[in-house]
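Here come two complexes built around chain A, the first alongside chain B, the second alongside chain C.
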Partner chain A sequence: MPLKTVQSPLPGIFYRKPAPDQPPFKSEGDMIAIGDTIGLIEVMKTFTAVVAEEAGKIVAFHLENEDAVMAGECLYDIET
Partner chain B sequence: MALEILKPGLATTVQDLGRPGYYHLGIPLSGGMDRLALAAANLLVGNDEGDAVLEAVFLGPEIRFTTDAVIAVTGADMPLKIDGVELSTWTTLAIKADQVLSFGFLKAGARIYIAVAGGIDVPVVLGSRSTYPLGALGGHQGRTLKAGDALATLPPKRAMAPGSTIAPERRRGPGTSPVLRVLPGLYWHRITAEAGNGFFDDTWKVAPEADRIGYRFRGGRPLEFVPREPPFGAGSDPSNIVDSCYPYGSIQVPGGTEPIVLHRDAVSGGGYFMIGTVISADMDLIGQLQPNQKVRFVKVTMDEALAARKDAQATAARIRASF
Partner chain C sequence: MAISKLFIANRGEIAVRIIRAARELGLRTVQAVSAADRDMLAARLADEVVEIGKAHATKSYLNKDAVLAAAVASGADAVHPGYGFLSENAGFAEMVERAGLVFVGPRPETIRAMGDKATARVMAMRAGVPTVPGSEGRVEDVPAALTAAMDIGYPVMIKAAAGGGGRGIRVAHTAEDLEKLIPQAGAEALAAFGDGGLYLERFVHRARHVEVQVLGDGSRAVHLFERECSLQRRRQKVWEEAPATCLAADVRDALCASAVRLAESVGYRGAGTLEYLYDAATGAFFFIEMNTRIQVEHPVTEMITGVDLVKSMLRIAGGEPLALRQSDIRPRGHAIEVRINAEDPSRDFAPAPGTIAGLTVPGGMGVRFDTMLYPGYTVPPFYDSLLGKLIVWDDDRPAAIRRLIGALSELKIAGLATTQGLHQALALDTAVKAGDFHTRWLEGWLDARAFIASVA
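And then the complex of A and B:
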């Protein structure tokens, strides 16, 4: 199965949880569908959802919750 | 109509060189955050330097052109594509009706300027076409662009041959080392000498909140204030003052913790002390800073600030003279 790496469209702070006291949107090993929210990127007081553009299985996250992220940086790997 | 916005990007607005003259009424300057890049984009398409362009931050828009046009993109390092084919930035390009302009991931810097021959045709409000989104003033309906928006352009003024370019050494790109020169301000006496030195010694990081209103920095030591009885009208926090005017570029430090440099869409006054003012020559550089980027502040004198302003004007004049 081909492995694909999804990059961040924006610089900012990457959040894997919808709120500090909530579980992560997705974890390694989860199956995801097109349109699923994988995380949030905060920049300029705006939270932009990172939405899956392909379905598959999340193999690995490259960033932890609240890590700083640059545009183009790898967010997660997916098996499609 | 000439431009159809397919994807708006994160916060794309119509901007020109701004709306000076109303700051005392609370209406900010607005206009491009990187004025040199904005002027360069205009010159590349045969416009006047201050014609209206699109400013996009961090994420490029996707735009379908409904008529043939001449365009140029300057500013941040972001791959530019026409119908998926990568082409040069800082260069005059011809785009045909039905072709789509799009962008790759941002590589360096923060803001791109998309100029179209003739300039973007939105109503002039208080002498400017710039958008001030917080005040719903100017630009396209006073707001950032949305998918489905249609924008018209004015008739081109001068023909520019496609392929015209600004030599790389004349571009002041995002690669410039982010050292921001600061003239200490009227409230300098409010902090201890040690805190003043610490501000200039520490390395600061751009906070994700940074936007057109102000650029916030964190990571340096908190400021220590000289004890005082709050004067009548000032709040009780040591960083409070009796309300005062906030100049463009002034650095307020609410609570003494995170400096905020006020930029093009800033409020014009309030009750936070200001440590100083970033010199005008370095304000464009702030407009190209990304979140998490490290910067340092350097103290300068008024003479050094004026010399830097002359240098910045000479840089702009060299670009102008190359056309």
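And then the complex of A and C:
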């Protein structure tokens, strides 16, 4: 099973939850489908969804909720 | 002055503005920075720099405990909150005062009272300041709505009591409209918000946004005339002017006097702004809300009055009584400010953080550029998109627009997309030249021309 690392398309703040009092969009071990929302990136107060472009199983997240992220930085690893 | 060392709990261009004012008053400055802001311009200008937390604002500029702890540890005796972040947070103002430092702004109870729209509305009515006519609470059924609308006057807006952000708003121009729309709006509100409650408010067609700048020392207040900020996109101001040329002299007098009445009735201390809706068709104005802080667009007022608002705030915070009498404040000429944001107008104003590859700043008489930029600076993606404010002043509005066109042609910001091109187009627009616009005008204008910018 090939392991792939998905990079952030944008610089900003990475959110793993839709709101502070809600559970994360996805956790380690979750199966994901194409089009699933993995997280949000806030760039200058504008929110963009990070959407899965490949299906598979999330193996690891490289960032915590509300961490700063640069474009090209690793977001999560996926087994396809 | 009773203060000698100022802690700046903000970032960007306003932090630079505050440092300049503090320096001229002989104050030492301590600049708070997040981990992502160590190389910002204000950090380079301040006497001292303290890191208060991570990039995310909730962990730095919005973290009350971290900001206060850093201010106390630095030995500062006052905290300037700037705008946004903690500037209108009554709890933070209280914490600062309890720690024995001066909060550069109004008393916490003033922030609390004026920050609540319903309370502010009651305060305004008590001070004899007109507010937007509306139903007293909810309208229970069609007959109640018809009776309320008679008092309010058509057209009326039907709003969902549980709604917000403009959702579910309908406009009734006649009693027949209202009879038809009330049941629909009630059903829709119930479906959308689980609460079918409705209330009514006067609808102001082609409303203009005018606001009055005030300064108070806790007992006495003065106004520094008004600004017009009707050019907005998604409720964000993009272009501001002083004075509001749409006002007749007697309306201006009544408007500004009403702002002073309200400010004095709450014992206002510091710089504040009272926002109004203005109905150009009838000449009526209605108080909407008060901002208990310095505003982004304060420079246009400084340009026409010659009063340094940030220095005035610091003097008042230092315990000095208001040095100005109303008769000392005489407006002269016309000023315009345009906001240069890191946004790409050709891509629906997508945010555009990046590194400043080159910078040429316009100059000459009556031209001012308040900015956080310097060549080589990387604009971080974590905060708002304001890069700078280009402000021009001249004898009258047509001359100010000509000066703006010239200044915009000199301004060169390389390395990222900005809203400069939008302002170049607006400055040449005939409706803008005629001053013929309202708060929804810019959005229609943008939709109509599918604006394509040629920038950077």
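Throughout what follows, the second predicted complex is superposed on the first by the 80 of 80 C-alpha atoms of A that agree within 3 Å, B and C clash if a C-alpha of one lies under 4 Å from a C-alpha of the other, contacts with A are read in each partner's own complex, and residues count from 1 in each chain.
The working rule: a residue touches a chain if its C-beta (ideal position, glycine included) is under 8 Å from a C-beta of that chain, and two chains touch if they have at least 3 such contacts.
Fair warning: this is a prediction, and the values are worked out from it, not measured in the lab.
**Q** Applying the touch criterion given at the start, work out whether A:E66 contacts chain B, chain C, both or neither, answering first, second, both or neither.
**A** A:E66: touches chain C, not chain B.
**Q** Output check: A:P9 vs chain B and chain C. Expected answer is one of first, second, both, neither. What do you get?
**A** first
**Q** Using the touch criterion from the header, give the chain among chain B and chain C with more contacted residues in chain A.
**A** The partner making contact with more of chain A's residues is B.
**Q** Answer with first, second, both or neither: which of chain B and chain C does A:C74 touch in the superposed model?
**A** neither
**Q** Chain A residues touched by both chain B and chain C?
**A** Looking at chain A, the two contact sets intersect at 10-13, 42-46, 68.
**Q** Spell out the residues on chain A that touch chain C in their complex, using ranges where they run on.
**A** Contact set of chain A toward chain C: 10-13, 42-46, 66-68.
**Q** Would you tell me which residues of chain B are touching chain A in their complex?
**A** On the chain B side, the touching residues are 10-11, 57-59, 105-107, 208-211, 290-292.
**Q** Would you mind writing out the residues of chain A in touch with chain B in their complex?
**A** Of all residues in chain A, those touching chain B are 7-13, 42-46, 48, 68, 70-72.
**Q** Under the touch definition given earlier, write down the residues of chain C that touch chain A in their complex.
**A** Checking each residue of chain C against chain A gives 35-36, 54-56, 58-59, 342-343, 350-351, 353, 381-385.
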